[in-house]
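Next up: the structures, one after another.
You will see chain A twice below: alongside chain B first, and alongside chain C after that.
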Partner chain A sequence: SHYRLFPKSLGQVLSKFSVRELHISFTQGFWRTMQWGQPFIPSPPGAELWVWFHDTVSDVDGNWKELTNVLSGIFCASLNFIDLTNTVQPSASFKPLGLGNATDHRFLRYATLPREIVCTENLTPWKKLLPCGSKAGLAVLLKSEKLFHSSFHSQAVHIRPVCQDERCTSKAWELRQTLNVVFDLYTSGQGKKEWSLFKMFSRTLTEACPLASSSKVYVDITDNPEGELFELSPATPLLSQAVVLGDRRTYSVFDLSRAETFGQLRSLNLLLRWKGDSGDMLRPLLHAERYVAGFGLQTGEIHTVIYNNHPYRAFPVLLMDSVPWYLQLYIHTLTVTSKSRDNKPSYIQYQPAKDRHRPHLLEMLIQLPPHSMTEVTVQFERALLKWTEYTPDPNHGFYVGSSVVSALVPSMVAMSTNFTQDQPLFSSFVPVKEESSYFVRVYTEPLLVNLPTPDFSMPYNVICLTCTVVAVGYGSFYNLLTRTFQVDEPSPPLSKRLANLIRRMRGVPLLA
Partner chain B sequence: MAALQLEKQRGRSAALAIAAVVIVLGIPLWWKTTETYRAWLPFSEISELDSLQLQLSVDIEVVFSRGTLTPEQQKRFPHSHVNEKEHQVDAKTGLRYKYETRYRTATIMEEDALNQPTAAEADLSLHMLSESSCGSVVVYVIPGSSTLLPEDVKVYVGQRRTALLRSPPFKSSWNLKEVLSNLEMDVEQVVSTMSFAHQDIVAALSDRVRMTKVTKESMTDSMRAIKSSPGYEITFSLLNPDPKSHSLHWDIEGAVQSYIQPLLNKLAPIANFSVDSQILYYAVLGVNPRFDNSVSAYTLSADSLSHVINPVEARLGSNAASSNPVLNFLLYVPDAHHSPLFIRDHGKREVPSNAFHSPRWGGIMVYNVNEMYGPETERPVDININMSKVMGVFLAQLRLMLGVQHTHPPTGFVLQSPGSAGLSDWELDRLLWSRSVENIATASTTITSLAQLLDQIGNIVINDNIAQQVSSAVTSLQSAVAELEAGNLAFALQYSREAILASERAFFDPSLLHLLYFPDDQKFAIYIPLFLPMCVPIVLSLLKIVSEAKKRRADKQAKSD
Partner chain C sequence: MAAPLTLLLIVAVTIRAVLFRSSLAEIISERVEVVSPLNAWKRVVEGLALLDLGVSPYSGDVFHETPFMIYLFHFTVDYAEIVFMIADGITAVALYLSVQIYNKDVFRKQKYALESDRYPADCLELLRSPKEMFYIPLKVAMFYLLNPFTILSCVAKSTCGLNNAIIALFIFCTLKGSALLSGILLALATYQSIYPLTLFAPALLFFLQRLYIPVNPRRSSFWFFTLQYAFIYVGSLVVITGLSFFLLGSWDFMPSVYGFILSVPDLTPNIGLFWYFFAEMFEHFRLFFSCVFQINVFFYTIPLSIKLKEHPVFLIFMQIAIISIFKSYPTVGDVALYMAFLPAWSHLYRFLRNIFLVSCVLLACSALFPVLWHLWIYAGSANSNFYYAITLLFNFGQILLVSDYFYAYLRREHHLTHGLYLQKKDGTEATLVLK
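Up next is the complex of A and B:
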């Protein structure tokens, strides 16, 4: 097959394993929804991979295993640790985002590796997938020494089938590479409240990738219509309005494909200087967090707390939890409470774990009352692992992947369902089906659970101890069996022997 | 006293009984529970394969057309003759070539075919008459005065498996034997051109045999060709280091369809091929070309070519989805500031094709586009690449890589170019011969070294599936050798491919890595707390019993004395 802009390595993988849709993300750090607002492309800490296979695939698990091995080679990540024990098939939470309406979740595989550490070796292959690499266009900014000096880093690759034209006569692959980075320049920049491209990336933009049909930088200036909050230089006459995550936002647009963007210096260094205190971040309407409660090493309780911050609208959310088999969930202890009242989920799908074969999968559709906090708790017991199943640092604890909350959140403003309109790319990822709501996915924190750890020198100690016990027992037994018994004259009592000793010294005849 | 004797006797028999239980029950139990599973392997057959005697049989047909022989000489036709040659390549490898030559006169239809005006047409119509089998050679002897061949041409080798040979002057007084011996030298040359030559076969055996007396030429030929493998990935990459100035378009799909695919179809019995292409932007060569004022062009000297590939290769990307060897063909369009770019050979002359190849890796061609647009054209310039020019070069390089050797024909030989198929039948036969021998050599070395390894390291678990792979490799190898001996070239290749697949699968099976490896010192550390306290009393009491028995015998002897 022949490739032009699409990377050959990924194309070959897609066709060999009959992949219909592929989403992979690598994230370092945790997105703080309450401080930073809703993420544009949400992703859990560590690595996440979910794949829809074509329904012609007969051995989905075999394809999945090989695919993860190949992807771990392409992205230099430990995706090869994905096996059946951490793979689930969610029935409702992960729907295909591209063309076609596949609903048979037998062809879906989902796995997370919360422990995966993301670094330069993952960024380099990711950049290599771009047609211009890091030689031209926006990607020249992506230097790892600056990108990983940040509070949050998330890179992702999304591949899905899309329409090639408006009338959808033919299909095409869409490869979407996203990178979310959160810089905290206030703490790292000696308290100065300003940022610029050069400060963040130690580089400036000089050109667009010549192969790009559109190459733009958006700066959100919604809260700053008159320039009273901050000052943005260079000024740009281009403004763009878009409805993003249920809110109408205004952006300053810097179009790299136009020569005037770069000015006389032939380089674009965006500079933003805050004038006063920054405005308050809008509270996200949906927010979730999770923690482990309980004491001791035998039992515990997982608490998942979901907040609906909408003042007057209730809406349903899908909660998906995938828990490894070594936490044995007691599903009868599952309780869902909102406003201190029992909140019965309208849909529960629970697949119990099989030891060493598959994890627990719990999916629930929960109605969140307006302006409320809903708490989901479930108790678990920690299993004892075999001694070879422990990680090299067992006292660090074992990770449990984030739970996923997916919801259609009621929108404050009408969402645009018109795809043809020129929108920023980051707002068009999940297709909007209706005007009144928008899709949000929220990931909770991953959990770190301590399992009872044995003393690992124990096997040798046990061998030594048993051997000694066996040897002692055997020795006396052997002795008893082979010893020769014979009747012996009892020796004279001590007083008689002493008397005889004295008599011998005196030369008197001895006692009998 | 008698009671004491009895008691002693009881102690002795108890000690003996315990020792017996330990030896009869304990040791076999311990042995059984700690042994590793090792399936049976056909070691004796493998050691037979270690010393390989290959026989290659070729069917040769020599057809005399009208006017070459006198009726007297034709009397004993058809006539056949077997010629065998033996070569001992090294202590463990022997080669025997068996040439089975049949002599006959041409049929009327063949005579008609030979009366065509040109040699190529004669070749085609002879092919229409009868299809000769894979690996065989047909030589038509035509009269010395024939106009089919130009004056100075002695032998014409066609696109199929036939050759036309201008007969040397025979005296009409010679008997048939003299005629044939006169002809023998020429026929031998034809056969070594069309089926195999000794040095090619020896080069194909390079996996088994340390090469010493091989000519340098066939050595480079065999080094250049990529190793035999069940499949190959062919990747065409267009390198565009300057997408700002050049917007390149290549119709690779059509070009592959019309230039490469016919060759690959022809080669289908040898291996599976898959063809891919990609365009890489901002991919640069690793060397900065030097500007040469005399020709006002940039030049790459032959010495610097070796540094070109590595930086480019990082961008090419390996095929994640298969493990077959990759053949890369790169089309490099130099950027606007470094064009035109020419490659120069060791003699400082420009290479006419402006391309070079790297053995077992692929080829690179430089394609200059600076003449296609003026200096004030708006950038980027749309450029359509002339694929026939490019594919001609790549096709030649692909033939080299695949081991379709550039045979250096003896003087007086004319080889018909393979035409649109890219490969003539006899070239394919040559390839089949050397590939079969190479596969057999590789598979037999793999299997023997695997057997040796398993024999040496007793801790490796041998599962049933490995044993099965090994035996199927051995049977396929034996069949391949037998088919070569019988002259069935196509079957021999097929069996040898099966053998190589099975042997590699057995050799690289991951279950062989699960070596149950416990170092001896650790083993003893675990066993000593149990074994030492158990064995010491047994050994001591056994020693005591033996010494008592000796003493008693000595006492008895003394008493009888």
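Up next is the complex of A and C:
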């Protein structure tokens, strides 16, 4: 294999463990779909890793375990907490995004760590994977002290096999690194309605990465055709149109490989100043929420609410839930209601959990009626764990990973099925199979569930007390079984006993 | 005696029906004292739902019933309430008839002993009269049907009621003298939960006593009958297990049911001693303590059988009590079964030493269980130690109750051989001690 731009560390890992596709993401914060719209690359809070292995692998679980440990070292994250108790094999929700049409989900592994925190330690190895590192190109902007001062931060690495040319004579690995950051300038800035590269990243762009074949900055100007909403400087003549998330958007393009982009000062500082009130955000067509209902530490209910905001089209969604084993789900209490009527899912795949071995996996295909809210509820019971199985802060609670809602949402605009080179990269992540719909994946909130705790200071005391009660039982039965009833003859006083002793020595008859 | 029994059955069914229709039924079926992971109704419904979804009920860790239960409830899940009420009725009637037969037996033996002058002169007041024994069977049935523990267990639809019915039928068939039916029912009871295995010894002793075979390992007649009975028992057990295999086509139910009972992986709180112990234990000693606690249940069989070989029915009572106290997932339904026998030993009242203390402890604990559960789980103002303490006290009270009755029984037997008013060597009144 020939490594030029592809990082060798990852390449060696992929070939050693016979990995076909790898998707890993680290997210801090939760994407607020109703305020920010549909994300380009969705990701759940915490860490998420899903991998398709090649058909030739014989021991997928062994490879998975080693792969998570190696990735944990590469990304400086605690991915070694991924083990069989939080790994599932979804059968329908995570199809391969690259070449090949394997459908045997025995070679797929999916795990999520909702508790994982993302920080500078994770950003640095991510930047190291880039060919230019953080020395040239767009990556010079990515300094951690500004990047983590944000409402949402998500970095991801996606590796999949693609065709190298039109006729697909040879295959290659494609590595995509994505970084989603949401800056909230009102709280952090001075309150002026403008943003610029310097304000967000405290530096500007000076040159493109020499190894890059294309290096572009896209600014969405669809809502501003005549310039009455905001003003973008410096002005650029380049425009690009793309169909992104079912909507035709227009972008101003800043091409960093052309010298005139940088202007006189040899640096590019994009500045956008708002003139009027910002317009309405496009309402996302698919949105999901999740929460825990009930009170007390014995039982509870998980409610997942899915909104279909399309005015007249109904479409099916695939809901995948992976619940840890210590919340025992009762699948006979599963109810799906839409518009206060029962809505039976057409396909349910349920794998119950085995205590301390694997989690629950529930996948359902639900038909969402147009302009409606669908609620999925399932009851669960909370288990009492062994005292060593609790985290050091047991009253914080236990995390339940996000549910995944995957759907082909009907698109207002025809999507093109051909991938051309001038399309922006963020519009071509998921291969489009048909023109009338686009693929959307929505992650719900992770849940935080409290479990009843034993008293952690009590091991010795409990052993002693319980054994005492068992010993009381043993003692009473032993006495009654081995001893017989006898008349109680009081023993003679000490003086008489001494006298009898002397008499016995003398050989004289004893006292009574 | 049929009319009072019928009236009792009607009253019992009415109480249960009223409770089934009220809102209390749902609250009761969630209580951990009444249901355990082994016999909760919610889990039976879950297992049947999994079967409908095409997943084996034993693939997860929710369903721990035997395939016999799947088979039974597959057809009767809509009439479950009637099934449990009928089970309670069967138990009560079986216990009624068993105690009736036992009383007749006791009275007959007493008559022969009196005629052969085997009793000392002053213990005539210890002898039992038909007048005193007349209402005992009805009292036994009443103690079972109207016991709040039984009613709670029935309203919660805990399958403990079905297990109790099988054990009661087994006792009835044993006392009736049918070795074949007794062996088959004992195999069914063992198949449901492993612990009734210990009831093999008292049943064997009863049959030997009935057939006038002396309990002497050196005699061939003893071995002949023992092997016959063991063959019936083991054979039925093998047949029932084989039939279960053919229901679902796999041996998955063995680790799910028997492995679960023996290795205690689920630590849901209950009224027993296992859960908190295994929650707080050091991991290194897990296997050791599992073995110790499980052996503790089976371990009293041989010594008790040796001591009580002339009194197999009391031995059955002792064994059932020991199983209910020391089993891995006890519920109040198990406690109710051995408490039903207490009227049969009402003649021992004068020799009981701690009965007041024991009844106060058991009543107080039964009242405190729901209170401290609420404080731990819902109010958050107590912790698990409070509930654990009441568990300890409840089991201690039960142990005291059982050992008290054992003491009284042995003491009465001693008086019947040596006389009631004993004197010391100098003629003053003597006290009896265990030495």
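Heads up, the rule we're going with is that the second predicted complex is superposed on the first by the 459 of 512 C-alpha atoms of A that agree within 3 Å, B and C clash if a C-alpha of one lies under 4 Å from a C-alpha of the other, contacts with A are read in each partner's own complex, and residues count from 1 in each chain.
Throughout what follows, contacts are C-beta pairs under 8 Å (C-beta built on N, C-alpha and C of every residue); 3 or more make two chains touch, one makes a residue touch a chain.
Since the model is a prediction, treat every value here as computed from it, not as a measurement.
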| item | value |
| --- | --- |
| Touching partner for A:Arg483 - first (chain B), second (chain C), both, neither | both |
| Partner chain in contact with A:Thr388 - chain B first, chain C second, else both or neither | second |
| Touched partner set for A:Lys8, first chain B, second chain C, both or neither | first |
| First, second, both or neither for A:Pro454, with chain B first and chain C second | second |
| First, second, both or neither for A:Val470, with chain B first and chain C second | both |
| Contacts of A:Gln298 with chain B and chain C, given as first, second, both or neither | second |
| Which of chain B and chain C A:His332 touches, first, second, both or neither | second |
| Touched partner set for A:Lys344, first chain B, second chain C, both or neither | neither |
| Touched partner set for A:Arg506, first chain B, second chain C, both or neither | neither |
| Intersection of chain A interface sets (partners chain B, chain C) | 463, 470, 472, 474, 479, 481, 483-487 |
| Footprint of chain B on chain A - complex, ascending | 1-5, 7-9, 12-13, 15-17, 70, 73-74, 128, 131-133, 135-136, 207, 210-211, 460, 463-464, 467-468, 470-472, 474-475, 478-479, 481-487 |
| Chain A residues within the chain C interface of the complex | 295-299, 325, 328, 330-332, 348, 350-356, 360, 383-388, 452-455, 458-459, 462-463, 465-466, 469-470, 472-474, 476-477, 479-481, 483-489 |
| Interface residues, chain C side, partner chain A - complex | 30, 32, 42, 45-46, 48-50, 53, 55, 59-62, 265-269, 273, 275-283, 293, 296, 300, 303-304, 306-307, 325-326, 376-378, 380, 383-385, 388, 392, 395-396, 399-400, 403, 406-407, 410-411, 414, 418, 422-425, 430-435 |
| Contacting residues of chain B [partner chain A, same complex] | 3-4, 7-8, 10-12, 14-15, 18, 235, 243-244, 252-253, 276-279, 281-282, 315, 317-322, 380, 526, 529-530, 532-534, 537-538, 541 |
